[in-house]
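In what comes next, chain A is part of two complexes: it sits with chain B in the first one and with chain C in the second one.
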Partner chain A sequence: MLRNLFIAIFILAVSASSLLAEDMVVVVNPKNGVNKLTREEVIDIFLGRNRQLSTGLTALPLDLPGVSLEREAFYLRLTGKSMSEINAYWARLIFSGRASPPTQVRSQEESMQMVIDNRSAIGYLERSKISSQVKVVFELGAK
Partner chain B sequence: MINPFHKGILFGSIISALGTVFIIVTIFVLITAYTTAVDTQKYIANHLEELLDTVESTAGVACFVEDKQLASELAAGLLKNEGIASVVVKAANKELARASRPGLNETDLADNAYPITRIVKSPFSKDQVIGEIEIQQDLNAVHRQVTKKVYFTVSLLAAQLVIVATAIVLILYYIVVRPIRRLSGNLRKINPAAGEKLQLPEGHEGNEIAGLADDINKLTETLVNALSNEKELRVQREVDEKKFRSIFENASSGIFISDAEGRILSFNRSFVKLTHFPAHELSQAPKLANIAWRRRGRLDELINVCIKDQADQSFDMALNVDPPIWLNVALVAIGENRVQGVISDVTQNKLSEATAMHLAVTDKLTGLSNRLGLEHYLPDVIRKNLGAPLVMLMVDIKGFRHLNESMGLPAGDQMLKIVATKLLSCLKKTDWLGRLGGDDFVIVLQGEAGRVIAENVALRISDVLAKPVEINGSSIVSGCSIGISCYPADGVDLHGLLRSAEFALNYAKSAGKNDIQFFVPEMVAAAEQRHKLESELGHAVKNGELRLYYQPIVDLNAGRIVGAEALVRWQHPERGLVPPDDFIPIAEESDLICDLGLWVVETACQQLALWHAAGRNLYLSINVSVRQIPDALPASLLKETIARYGIPASSVALEITEGVMLSDIEKGINWIKELRNEGFRIYMDDFGTGYSSLSYLKRFPINVVKIDKSFIRDMNEETNDRVLVKAITAMSQALGLEVVAEGIENEGQIALLKEIGCRYGQGYYYSKPVPVTDFERLEQRGLEFIVPA
Partner chain C sequence: MLVGKTAQIVVILITLIAAKFVDAEQLGGINFTGSGFLTLAAGKMLGGTSATVLDRNCPCFTSDYAQGSVYDESSALKFGPDSKLGLQGTANIIDSPFSATAQVVARGTENGRADVEWLYGNYNLSANTDIQLGRKRLPMFYYSDIQDVGFAMPWTHLPPQMYGWEVVNYNGANITHRDRWGEWAATMNMLAGNENVEDSGYWKVYNGQQSQSSVKWDHIFGGDLSLVRDWFEMRLVYIQSDTSRVITNSVTPVSDPFLLGNVTQQKIYSVAFNIDTNDWLARSEFLVIDRPGADFRDHAQLGAVGRRFGHWLLLATISEYRSEAIVSMGADPQGQEAHTDRALTLRYDLNDASDVKVQIDDQKDQGGINWSPRYGDAQLLTMAYDRVF
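Let's turn to the complex of A and B:
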C-alpha cells in the first residue's frame, strides 16, 4: 500500500515537472567552442566531477535557485535524483572541499545573461526562455 | 589369589572408559572446531558485507569526485571493526585511501590475503563503475574467536565425560568387582569334599552373582560326586581283578594267552595239568609247541586262522599219551595278534561219543549193523573201492509176520537171532550183514562179487534158511525170498541199490515166482503196473466194473446144484476181464479188499433175493479175507443186509481161510460165533494147506470144510492124498462138519469122493465160474452135466 502511494506521488511529481517545464536545454556562450555535450559530460560538470571542457576552458556551471521547479526538473531529468538527494550529495562534498557546487543564480534570465556574458558559463533553461545569443549543447526533453 | 590391579576388571574398565572418553572428546572437538570455524567465518563475512552495504553510497560519492579525504574517513570508519585488517578505496584509476590495523605488519597481511572487493558504482548511473573498495580480513581474529569457542566446548564435554566415567567405575566396583572378590575369598575358604557350600555375599540374592555361586556349588557337587564314584569304581576294579585273578588261577579249564608264534604269554595251573606241560619248559619262554600233541603244528595253524579271520575256533586235539587224552581247545582272538585259549578235557566225551556212535549203528537185537550203519558203510566202501562192483542182497523171511502174530514177538525175535547167525555162517569176513528193521536183512558182497558168486551165496542162504528151526519147542519151517541188486548197474548209491534190491525182493515175494531174483528194470515197470492197477481197482468198485461169477456147488449124491461160490471178477474197460490172481492180492495188500468185500456181500445178497423170489432155494458162499475180520465185515452189517433183501441167513456162507487162525485168534473166534448165532454158515477154505492144525478145527466153530484142490487133483493116483482126503472127511464128519471138495475135474474123483463120504463138490468138471445167466441156465438144466455114479 505504502509502496503504491510512493509510486503515485512519484508519477505526480514527474508529471508536474513535465507540465511545468516542457523542455529543458543546456546552453553555452557561442564563443565557447563547444557544440555538443553528452549527458555524462553535463553530469560531470554540474555535479563537480570534471569541469574541464574539450576546448580547454574550465566550465562555470550555473544553478537556478534552490526551490525552483526548473532546477528540480533539470536534475530529475538529468540524473533521476530528487532535489533532496542532490542536496545531500553536495552536503558530503562541501565538507571536504575537494568539489564545489555550481554557482547559484537568481533566475533563468540571470542565468541567460551570465551565459551571454561569460564564455565559460554554462546554464540550463526552459526552451522557451532561450535566445539566439546562446548555443544549445544538450537537450532534456519532457518525458 | 589377588589379581594385580592392572589385570583387574576395575583397571580395565577405567582404561576403557578413559579411552572411550578420549576418543569421543577428540571427535567432538574436531567437529566443534570445524563447525565453529565455519560458522564464525560465515558470520564475519556476512558482517563485512553488511558493513560495505552501509558505506556504499558514501564510497560512491567519494569515488565519483575522487575525494581522498572522504575516502580516508570511510576507510578509518571501516577499520574500527574487528576482523578487518586493512581497507583500500580506489577510484577508476587511482587509489583514494589506504588504511590498515596498527600492529599488523605487511607479512601478516600477505598471509591473510583474503580480500573482499566491492565494486563502487556512480551515484548517478547504476551502469557506470567508478571504483572499488578492497577489504582484507583479519584471519587471526577469526582464529581467536574459533579457538575460544572450541576451548569452551571441549572443557564442558571433558567435564561431563570424566564424571560419567567415574560414575561407571564406581558402580562397577560396588556391583561387580567387590562381590566377585568376596565370592572368590569365600571360595578359597570352603572345602567342597566336606560338603561345604559357597556363601553368597549379602545383597546379591537373585542376581547373576547368586547364579554364579549356585553354578559353582552345582559344579563342585558334580565334581565331588564324580570323584567319589571314580574312587568306588577303582576299589571295585581292584576287588574284581583279584576275583578274576583267583578265578583264572583256580579254573578247572586250562587258560592261556599266546601270540601268533605260539609263545605262551600267560597261563594258569589247570593249563599245565591238562596239557601235561613238561615242567622243565615252563621256566623259560614256554611255547604251545612244547605240548606233546599227536598232531604237531595243527594248533599253530589254527591260531593263525583265528588271528587272520578274527573268527573263534574250537576243536578237539589228542595228546600223544596212552591212553589217549582228548583236549578241546577254544581260541578267541583278543587283538594285537594274540589269542586267548581255553582248554578242557573232553576224553570222556570222546569215549561216550564213540560208544554212542557204535550204538547208533548197531541193531540191538542181533548185534548186526542197522540202517544207519549201512548208511555209513556203503558210501564209504564205494569210495574206498573206487567204484568196483558190489552186490546187495535183501533177504526177507517168509511168514515172519505170521510167526510174530501167532507165536508172539519174543518168538519172532528169537527167529531173527537165529536167522542172523545162519546168515553169518554163509558169508565171508569181508561181506557185510545188517538188519534194516523187521525181517529185512541186507548183505553187501564186495571184492570179486559177480552175479555168479551172488547167486551162489543166495542159494546157500536159501538152503540154510529152508531148514526147520526150533523155537519154544516148536519146529518152524520158514524160508526166504532174496532180492539182489548190483552196483553200479542197478544203483550208484545206497538209496538206488536198496530200491532196486527191494523191487527184486518184492518180485520174488509175489506169488508163483522164484525165491531169488536179480533186479531187472522191468520190475520197476511191473511194480508200476501193479501200482496203477491198485489205483484203478479203487475206481472199479465205484464204477461198477466188478462182476460176480458163480461156480456151482453140487450135491454129489443127488447130482444137484445146491448153491455156488461167488467169485469176483474185474471187467476192466480196457484190459477186459482181469484174472483174480492179478488183482485180489493187490486188494488184500490195501484196504480195497474191505470195499470189495462189501460189494460182494451186497451183490450176492441181491442175487440170492432174486433167486429166492423165483423159488430157487440156492445158497452162495462168499470169500472173506483175513483183513475183513472182524471190523470190516461185522455180523451186524451182514444181518442188516439179509434183512434188507429178505433172505435167510442160512443161504449165506462165509468162506474163511486158515490165515484167520494165525491172526488174532480170539477176535476171529468171536466173529465166527457171532455169525453162527445169527444163522450164517462158516466154511473153512483151502483146508490142508498152510498152517492147518486139527486143533483149530476144534476151536473154530465152523460148519463146513473145503478140501483144497491140490488134494483132490491127484487123489486118483496118489494114495497119500486119497488117504488124506479120506481122513479129513472122516474127521470132519466126526466133528459134525460138512465137507466140500474143490477142484473136481473128472468122474473118477466124484466116485472116490462119494465112496469116501464127501457129499459136496465143485470144480471144472461141473463148471468153471460163470456169469449169472450161464449159471442160471446150468441150474435149470439140472443134472444134465452130472454123470450119475
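Let's turn to the complex of A and C:
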C-alpha cells in the first residue's frame, strides 16, 4: 500500500515537473496581422488591462482550466505570480466589474481549434501541441 | 417601499439563479455566469479599555464602520462582524455589447440578511472602454471595490482607520477606459451619481445601536486613475459631493451642526502606492476629506509591509485616523477623534481559491480629552476562512 503511494507520488512529481519544464508559447490566428507581442502586451491581454491589438482587433484571450498545470506554468512564467495570487487579482476585477477574465476552454486542443477558427483568439500552449495553422507571437520558454 | 422590497427580492432570486451557473450557461440567447465569495470569521477581544460606551460593554473594536461591525465584550467569540457570503450573477446577451450584473451580500453583522449591493448594466463601447449604469461601489479607496471579498485582500478585515465611512455605494453612471501609456498600464474611471443611506451602521458606532440616521450624498462626481508598471502601482482619487445627515434617537445629544441636516460640500482626495514583487508586498494609502466651511478635516493613512514564504504571507500594518480641528471655525482642538491600529496578519493559501488567516490588532485611542464617544484601546484576535467560487 505504502509502496504504491510512493510510486504514485513519484509519477505525479515526474509528470508535473516534465509538464512545467516544457516550452510554452502564445499563439494567434495567422490572419490577425500580429507578428510579435512583448511580455507587457501579453500580460495586458491576459490580465484584462488592454485588449486592443495594434491591428485594431479586440483580443479574445483563452484560458486553460483552473486546475491545469499548464495554466499554472503559464502565469508563473509570465508574471511570476502563483495561481492563488492570480485568482485574487481576478476576484478584484470580476467582483468590481472592471474587466472580464479570459474565456475558459477545456483543453489545449480546444484552445488551438478556437485560435484556428477565430481571428481575435489568443491562446497559450505547450510548443509540442501547436500546429502549422497557428502563429507563435510570444515565447515563454521552459522553466 | 413595497415595490422596492419586491424588486429587491426579484434581484436576489435572479442573482441566485445566475450564480448557480459558475461555468457559463446559455439560455435563450443569454449567457449566464455566476461567481461568489465567502468569509467565515471569528474574533475575540483580548483586552483593552473596560468601560460602558454608549450602549456597549467595552473593550470594543470596530472592524467595519460602514456596516457597524463591532467586536465587544458581549460574547467570548463573535462570528458576525466580518462573516459574509456574496453571490454575483451576470447575464450577457450573446454577441452583443450589453450585460447586466447583480451582487447580493449576506452579512453576519446583519444576522445574515441579504442585500443587493451591486446592480448595474454594462455597455462595451470598445475593447477597452465600458459604460455602466446602476448601483455600484464608490471607489474611494484601493480596496473599496472588493471590500467584501476576503480572498482578494491580505487582512481578516480592512484597516478600519482608512476604510471607515458612512457611504460605500452610489447610484449613477461611470465610464471606465483601459490603456497603455508607454511602460504604464492605465485605468481611468469617471463617475457621477448620488446615494441615500438610512440607518447607516457608521452612525450607530458614534450614536448607539438604537440611533437612526438619514445620510444623503448628492451630486457625487469624481474619478480614479490607476497606473501599473511591473511591480509598482499607483492610484489617484478625487470625488466630491454635497452631503447632509440627520441623526435621531442618539444615546447622547447630537450637537454637531453637521448632523442636523445642513448641506456641506466635501472634497475627497486619496492616493495609494503599492509594491508587489514575487516575495515582498507593500501597501500605502493616504486620504484627506476637506469640507470648505466646516470646522474639521479628515485625515487617514495606512502602511503595510509583507513577505511571502511559499503559500504563507506575513503582513504588518499600521493605520491611522485623525480629525483635524479647524480652530478658526470654532472647533475644539481637544474634541477631535483620533486612533491608530497596528496589526499583524498571517495568511495561508489552502489552494488557488481559498485561504485561512489569523490577525492580531492593537488599537490606541488618541482622541482629545473632550472627544466622545471614547471607545478606548482595544486588542483583538480574528481568524478567517475565505473562499471564492
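The rule we apply is simple: the second predicted complex is superposed on the first by the 122 of 143 C-alpha atoms of A that agree within 3 Å, B and C clash if a C-alpha of one lies under 4 Å from a C-alpha of the other, contacts with A are read in each partner's own complex, and residues count from 1 in each chain.
Assume a residue touches a chain if its C-beta (ideal position, glycine included) is under 8 Å from a C-beta of that chain, and two chains touch if they have at least 3 such contacts.
What you see is a predicted model; the values in this text were computed from it and never measured.
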Clash or fit, chain B versus chain C on superposed chain A: clash
Which superposed partner A:Arg49 touches (first chain B, second chain C, both, neither): both
Touched partner set for A:Ala99, first chain B, second chain C, both or neither: both
Broader residue contact with chain A after superposition on the shared chain, chain B or chain C: C
Which of chain B and chain C A:Gly66 touches, first, second, both or neither: second
Touching partner for A:Thr58 - first (chain B), second (chain C), both, neither: second
Contacts of A:Met83 with chain B and chain C, given as first, second, both or neither: second
Superposition clash, chain C versus chain B, among 55-63, 127-135, 289-297 or 343-351: 289-297
Shared contact residues on chain A - chain B and chain C: 40, 48-49, 80-81, 89, 92, 95-99
Partner chain A, residues of chain C touching it in the complex: 23-24, 35, 37, 86, 88, 101, 103, 118, 120, 122, 126-128, 130, 132, 136-137, 145-146, 148-149, 151-152, 176, 178-180, 183, 185, 187, 189, 228, 277-278, 311, 349, 351-353, 355, 388
Residue numbers on chain A that touch chain C, as the complex places them: 40, 44, 48-52, 58-59, 66-67, 80-84, 87-89, 91-92, 94-99, 104
Chain A to chain B touching residues, read off their complex: 40, 43, 47-49, 79-81, 89, 92-93, 95-99
Residues on chain B engaged by chain A in the complex (per definition of touch): 58, 61, 64-70, 123-125, 128
